[in-house]
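One chain, chain A, appears in both complexes that follow, with chain B as partner in the first and chain C in the second.
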Partner chain A sequence: MKVISNLKLLLKITQEYGNAHFTLSFSAIFSLLFLLYSYNFNTQAVRPIVLVFFVVYLLTTLYVWLISKSIKRDLANHGNIHIRTRILGYPLILTVLVGNIFASSFGFSLVTKNKTPEYTFATYAFLTQLFIIGVSGFNLFKPYVIDSFLLVMGAFVLLAIIFAVMIILVSKYVTQASAPKWMLPIGLILLLPVLTGNLFSLLLGYGLIKKARQKDASSIEKWQKMWSKILRNSMAVFGMFFIIFMFSLSVISPWTFDYDFATQNNYSAILQTPTLEYPLGTDDFGRDLFSRIVFGAQISLIVGFFSTIIPAIIGGTLGAITGYYGKKTDNIIMRLLDILYAIPGILLAIAIIAAFGANTVNLIIALSVGSIPTYARTMRATVMQISNYEFVESARALGASDSTIIFKHIVPNSLAPMIVKATLTIGGAVISTSSLSFLGLGVEPHIPEWGNILKIGSTYLETHSYLAIFPGLCIMLLVLSFNFFGDGLRDAFDPKTN
Partner chain B sequence: MKKLLALLFVAVLALAGCVQKKSDVEGGGNADTSTGEKPTIEILGTAAGENDLNILRDQLTKNGFEVVLNIQPDYGSFSAQKDAGNYDVALSSWTTVTGNPDYAVRGLFKTGGDYSVVSDSNLDALIDKASTLTGDEAKDAYAELEQLLVFDQAYIAPLYISKKAQGIYSAEVNPETVLLPKSRAQVWEAISFNDESLNASETLVLHQAIASLTSLDPIKGNDGSINTLNTNMYVRLVNLTDDDQVVSDGSLSYNHVIAEGNSEYYFILRDDINFAKVENGAAVDTGELVSAEDVVFSLNRAKDESSVPDHRTYSIHENIDTVEVVTDLAELENAKVAGTEETVLDALSKELPQAVTEVVESEDQVDNAAGKYQVVKITTPNPFPQVLNYLAHQSGGIVSEKQVTSINTFDVASYDPNTDVAYGDQATVTEGSSYNNHLYASGPYILVQKNDYEATFVKNPAYRIGTEYEPKITNISVRFIDDNDSALSALRNGEIHVLQTVPETKLDIVKSDTNLALNEAESNAVTYLQFNTKGREVSNSADLRKAVLYSINQEEFITYYQGYKRPAVSTVTPLVDTGLKLEANRDKVTEFLNAYNEGK
Partner chain C sequence: MTQSINIYKPKISSIFSSSYLKVTNRGKFYKILLFILGLPVHIVTVLTFYFGKGQNQYGNAYKSCEEQLVSKGLLGSWRKQFLEQENTKATFFHETLTAEQLNKKADLLVQEKLQKEIERQVAAQGLEKYTYQSYFKQLLNSRNFLLISVIPGVLMYVLLLLYSNPFVQFIFERVLQTLFVILGVATLVFTILYISPLDPARNILGIEATSEQIENFNRLYGLDQPYLAQLWQSLSGLFTFDLGTSFAGKEDIMASIANKFPVTLQIAILSLVMAVIIAIPVGILSAIRPNSFLDYTFMIVALIGLSIPSFWQGLIFILTFSLELSWFPATYNPQNWLSLVLPVVVLGTTLCASIARMTRSSMLEVINEDYIITAKAKGLNERKVISKHAIRNAMIPIITVIGLLFGGMLGGASVTEKVFNISGIGSYIVDKQFIPDIPAILGGVVYIAITISIVNLVIDITYAFFDPRIRSKMKKEG
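After this line comes the complex of A and B, so read on.
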């Protein structure tokens, strides 16, 4: 192995060092925010709990700073990170207890040298589960919990323990290229928690199965390469974490959250500021904002997902057909799509909603129709390029039918740009959903949806700003997460960066 | 390790025991005990009433109804849906701008009324009966009416009475001079700046949502676009105080009297108001007195449906029988005031500048200083004391006989809006080529011109000069801002000086702003549910209507609006407190729902 002697270059390619800086800045920003919030400027009083958080985050920041110094020294002296420095990562893992996802994930990545994608999946599956438990746990402060709460929470704790065990097992036994045979049944079991929406578990299980079966070395290598590229990008990883966390939360919310808190008016608790019972306060009808945001994620994600996948399928099919056949077919279909393209998407959506009424299905259709042409264009360009490759020629020479060629040979090879585009536009779809609800054109006003929640918040922007800030932050974070994750995917799929 | 695990296990169990479960709390006692399937109620409303709709949905759902919301973006589509009958209940509101109870029921609930979907002969009889009465008798009659309308038949289900909240830019405008009457439109002549020396030079900026003015002829419109403007441009025989008392203060009359029998009314007119007109952008005194002849002309055209095209207010004045100038002093000496032994003349003579020596017919002879007055007598076919409220209404404004007849030369039956110009047409005051201001104002202010952004007014130079009713501020601009939130922003930075309606959600903002003053008052605006009377389940079953009625908890509405609403029983409540009260009652809901299900 070539020894890299240039320290600057070494620092640049050492993932831990970059992560340390990333963690350092985020912890510093958060401690600053906590410091600002710890003092109530209206009542001239200190908020003690927030102050404690500030101190913990500040200490974390200093600690990470020490680690980064230590990594730098190790690299300068030995060219790699010393085991003593790695051990320093263990205390960092505990910061997950104060919600510092950045520091704890950095801790996980620091403590092991053997960084397989499966290790990262296991740690994030664990972190996601802990966050879910933490967020659902707030329901304990409510007057009552839903009947299935205790059972489900017990199952979640069990899951978290399983993931913790998996972290240890994976770091010990799984390598870049293989996993022991006995991991196969474990991998299969790990597919199950996907029912709770924890997609990290699915990825972990899939990875383990792949590596344990040892059937196709090239596909394992492809898997390994793609994910290590995505996972190197810290922002993409945190984007993915937030998306999966939100998704999982919205999947499990019917079992741990009471829908009545989100929809039934409670006139004895109108416009309350955040307390333990109402972690994000209550709105003007006395509904718990926290429950509303959690349930609101369902609609935002469902509409966002479907209004991306539907045009991707329709547009993709049309694009594949036009790209493959060309000439007249191309002209007719693409000119028709151009007409659709000429109509502004959001106006078309408003018109469709106004004509057919506001509900979730219409919302999905309205948002889908407008974005068909862009997907068709993306697909068409890729297909035109791929249909000239030799393997297509050979398939044709072997007598494969057109549909076989298109859907078996060309489309699978043109999916990468579509996936990237879909991930990048899903954020836009989430915003459009919320915008339409904000304008009163989305779902019914009492149904929790982020745009609806924000709409109420906008009325109280000056007097009860938290009503607008929290749903606004959620929309922002989810869209940002999709964008960062999309960026990560694009970098991973882009042949230029290879 | 094992011990630790066991301890943990016990701890978890103990904790789990502490947690209340939903089924424990509710105890399985779901209130929905009615048999049969849940009746579906479709509520129609506008997006502006979204909060009320949500509260209703919540209350009805909790009382065992299936609720469908039909939310329309604006009033136009709401009306279309309502006309098409696509509703079980429609969220409606009504403001009694005349301040009398008859106006609050006649158009709304009488068979064939302007806005009525109800047809019930018992109700019609009660409305007619109540209108002829005053005092406690009227109160009892309206109680009987409410009992039938709300509790027995449940044609409507009341929600709440709104309050008025007015924001004033007190950094410049003296908040004590800005009145907030219950029914009457804004009183412009009273408003003054903090620094009174600015009254002559500074422009007072007021606000109105609607920029398109229906008509500046007082009888040709009765809506939010012109009510305030016409009220301040045309003086009336009587005036309404802040709490809806009919008085002669601030009106064309010195005094007014109801004669014995409650169907003859006398008004003694002042001689210190002349018509003003606009010349070269400034108001000038025409020298023409606002006289008894103008009163007779104005009220006769007000009650005559065919006096102008698009007459919008004749139904308000249909109770006027005759309007005449009294020429015989003996008539006043002989007639008695209702309920007393005082003569009409004595009652009319109170606090006059000079005792009455002569009642004259023609305006040329009028000279109050010499004791020569004009007296107008109005009669109603039936005893109807509330006619005074209608005379105080904007549509009872006095216009110039000479000017109006010289402008309205067209034939009413063959009126063509493209070629004929009617008096008060907004095109004649809109800046541009069509501008040709022909207005004659009898009130404190006159409109100079308007555009889509603002309407500018100047003070009438011949309106009660030297009295306390002389307009304080010379120039007024009415800024048209459609969106109430934008209007509030404009108020906060002093762009407008008075905002008539501050929404409940923004009251705290106005209160906390040191530049602003908040003025609160009662109002006559009632929000209620109108049941569909044709073709729906609720139309046929009074039991179903009553089940809805008793599902409504007005306290929750009031809590939601942070106390800025009051309980209502009907549209009459703000005007006559009948002592009745609607209280939510779940047992009654169940009872009526069961009765409804059995009756199916």
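After this line comes the complex of A and C, so read on.
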């Protein structure tokens, strides 16, 4: 092992030091935001709860600053982080109680030296579960809750405890290359919580099974390498966290949220400002904005997912065929796709919706058609490159048919750019969905979709601006998360950026 | 020998003959095209070709060579070799072949080899295969032939001229491609609107309209005609700038589009200018100091800019800058330039973010190139290396991306226009889609697509002009 003596280089490659700075800036930004929000400029009054949040965030920021100083000192003196500094991370974990995901995840990463991808998955599975419990918990302030609420919440608390135990077990027993044999059944059990949409649990379970079985060392190493590259990028991890959190929330919302609050008119509570009962206020029909946004996530994710996966499959197949056969096939298909490419996506979507009417299915089709050429181009470029490799040649020499070569040998090897492209374009699809709904061309107006909510909000911009601010923030955060995650994937997959 | 002379002294005749060779080598389609374009000339030359076939040097040489080879008795030994080869192949793949099959295969291979061998020997004697093509090529070399045939074969000669220079050929092909795309776009959009299950007549005349009224309406707008007739009418309408009147309101569609298009274009171009002015310096700064605090801040801001839905950004801007601070008016008004500021900023945000990210990655790629290291090694200071060597090379992909994004922006303008109540082409299309007013939507979408295609065409051609790499690649392929 080479001893790195240069302090600057050491600081650069020490993940904790980078994370400390990252946490520092985000906690600082949030405390500033809380400070600004704590004073109501219109009524000249102080909001005490927000002020408390500000103080907590400010203290966290100072604390993280201290930690970063002590990490730097440790590295300068010993070349590694001292155990005393690591212990400082434990109090940081508690900041999850005020919703400071940045600080608490930094705390988790600081307290252990043994950072496997499984450890990170376990911590994020735990954090996701806590956030789900927290968000669903707001329903307690409603006049009544849905029947399954208590049962499901109990199950969630249990799950959170399981994840907390897993964090400890994983940090103790799982190494970079292996896990003890008794982890295998645990891994299998951990596949189950995916039914609540907690994909971190799925990843954790899968990783544990892989490592406990000890079947294929090279595939374990590949798994380890890929994830450690992705997880190194803090923004990508938070993007992934928010996506999975939103996904999980939209999966479990039918069990913990009452759909009636989101759709039934309640004329006794029209245009209420945010209170505990209505955390984000109510709209002009007295519908709870908070529930509407939670249910809106479902539609946005569904439309975003399908209008990405459909063109990815169609465009990918076309691209693979054109890239493999080249010449005439290539010329004909690509020239035809050029026609689609020449029309801006949103205009084509408007034209299709104009012709077939505005509803969710047509919206998905309209958005899909427009993005076929981009996927075809991405796939074609990769396939053209890959079909020149030796393994393709050897498959051909062994007498494999063209379709086998394309779909068994070439396509699996050219999926990485497609996955990156898809992640980066889901965000665009989410924006397009809400934009079209905002214009009245997307999801049917009675469904609580973010664009529809914003449409109502835009009419009350002057008097009740929160109706327009919150759904927009959600769209932005979701799209931002997809973009950060996509960027992280791209950096991890692209050999050029290494 | 003759070739080298041709290069140094390009005569008109040799231009045609070499370009003829190039074009015919491109495949069957081009051969047929040339034949059709120069039909009057070809009719005469085909006749002279068949009458003059008697004095065929090539055929004679071919025959004598074949006889020579056969008499040498080479065929037998080749056959033996091939039989053995096929046998080992069959055993390796565990195939069972009958003797007859083996013999057949070996015979085929022998014939193939014989033909190749003869062709090689004949070619070594300096004889070309005597085909109509080579005959015609020879004719093109003579000045007299050209003088006689220039008028009847003018179309063919124009094509040959276009293909004589790789640059002209590139422009010609690119223009053709654009025309094809434009035609395709018009057909596609029309077809989508044609197969629509919605009934504009019902929507305009109301539910109580009698079937007679509806029939009358359909006849008036030609909606009762067959697909091809309607398509032809729409296409000719699009390209003669006469789309008739809209279904609702009976306004002249061309006049309204001509009124609204400049508004959209003005906003789009202003946003583009704003985006370029902000994004390129930001991208360059980020790339010069990668992974610095400045870089991270810029790139996170850019990513936020990419993730903001433009209609929401518009609403927030109206809320803060119009309602709370009252710096800018909330709705667009052509007389007041201040009302342009918000829509331009909103429309330009996404573009700005994309260009900044693109500039950064393109610059990073260029900075690691060998010629930058060379420039640094020879002692240039950093400022000069960046401004003289890096930026100029990094700009090439950026400009292409700007061209593509400009298209997306024109499309996305419809949302921004709706938020700020601008009567541009985008909001016009959105307003018309509820009926659906087929000619209006068709016109709006297709004219935007045409604008985008032309912008991209111009960018591509300019590139071919300025980028030496593209030029040399064209010459090689040409």
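Just so we're on the same page, the second predicted complex is superposed on the first by the 496 of 498 C-alpha atoms of A that agree within 3 Å, B and C clash if a C-alpha of one lies under 4 Å from a C-alpha of the other, contacts with A are read in each partner's own complex, and residues count from 1 in each chain.
The rule is short, and it goes like this: a contact is a pair of C-beta atoms (placed from the backbone, for glycine too) under 8 Å apart; a residue touches a chain by one contact, two chains touch by 3 or more.
Only a predicted model underlies this, so the values are computations on that prediction, with no experimental measurement involved.
Engineer: Identify whether chain B and chain C fit side by side or clash on chain A in the overlaid structures.
Structural biologist: Aligned on chain A, chain C clashes with chain B.
Engineer: In the overlaid three-chain picture, which partner chain does A:460 touch, first (chain B) or second (chain C), both, or neither?
Structural biologist: In the superposed model, A:460 contacts chain B only, not chain C.
Engineer: If you stack the two complexes on chain A, which partner ends up touching A:397: first (chain B), second (chain C), both, or neither?
Structural biologist: Neither partner.
Engineer: Taking the superposition as given, does A:45 touch the first partner, chain B, the second, chain C, both, or neither?
Structural biologist: Once the two structures are laid over each other on A, A:45 reaches no partner at all.
Engineer: According to the stated criteria, A:276 is in contact with first (chain B), second (chain C), both, or neither; which is it?
Structural biologist: In the superposed model, A:276 contacts neither chain B nor chain C.
Engineer: Contacts for A:480 in the overlay, against chain B (first) and chain C (second): which applies, first, second, both or neither?
Structural biologist: In the superposition, A:480 contacts chain C only.
Engineer: Tell me which of chain B and chain C touches more residues of chain A.
Structural biologist: Tallying touched residues of chain A, the top partner is C.
Engineer: So which bits of chain A does chain B touch that chain C touches too?
Structural biologist: 462
Engineer: Mind pulling up the chain C residues that touch chain A in the complex?
Structural biologist: 93, 177, 180-182, 184-185, 188-189, 192-193, 195-198, 300, 303-304, 306-312, 315-316, 318-319, 323, 365, 407-408, 410-412, 414-415, 418-419, 426, 429-430, 432-434, 436, 441, 445, 448-449, 452-453
Engineer: Touching chain C in the complex: which residues of chain A?
Structural biologist: Touching chain C: residues 235, 335-336, 338-340, 342-348, 350-357, 399, 427, 431, 434-435, 438-439, 441, 454, 457-458, 461-462, 465, 468-469, 472, 475-476, 479-480, 483-484, 487, 496 of chain A.
Engineer: Spell out the residues on chain B that touch chain A in their complex, using ranges where they run on.
Structural biologist: Those residues of chain B that touch chain A are 12, 16, 19-25, 47, 50-51, 53-55, 57-58, 62, 69, 71, 73, 505, 508-509, 555-556, 559-560, 562.
Engineer: So in the complex, which bits of chain A are touching chain B?
Structural biologist: 140, 143-147, 149-150, 154, 258, 264-265, 267, 270, 284-285, 440, 444-446, 459-460, 462-463
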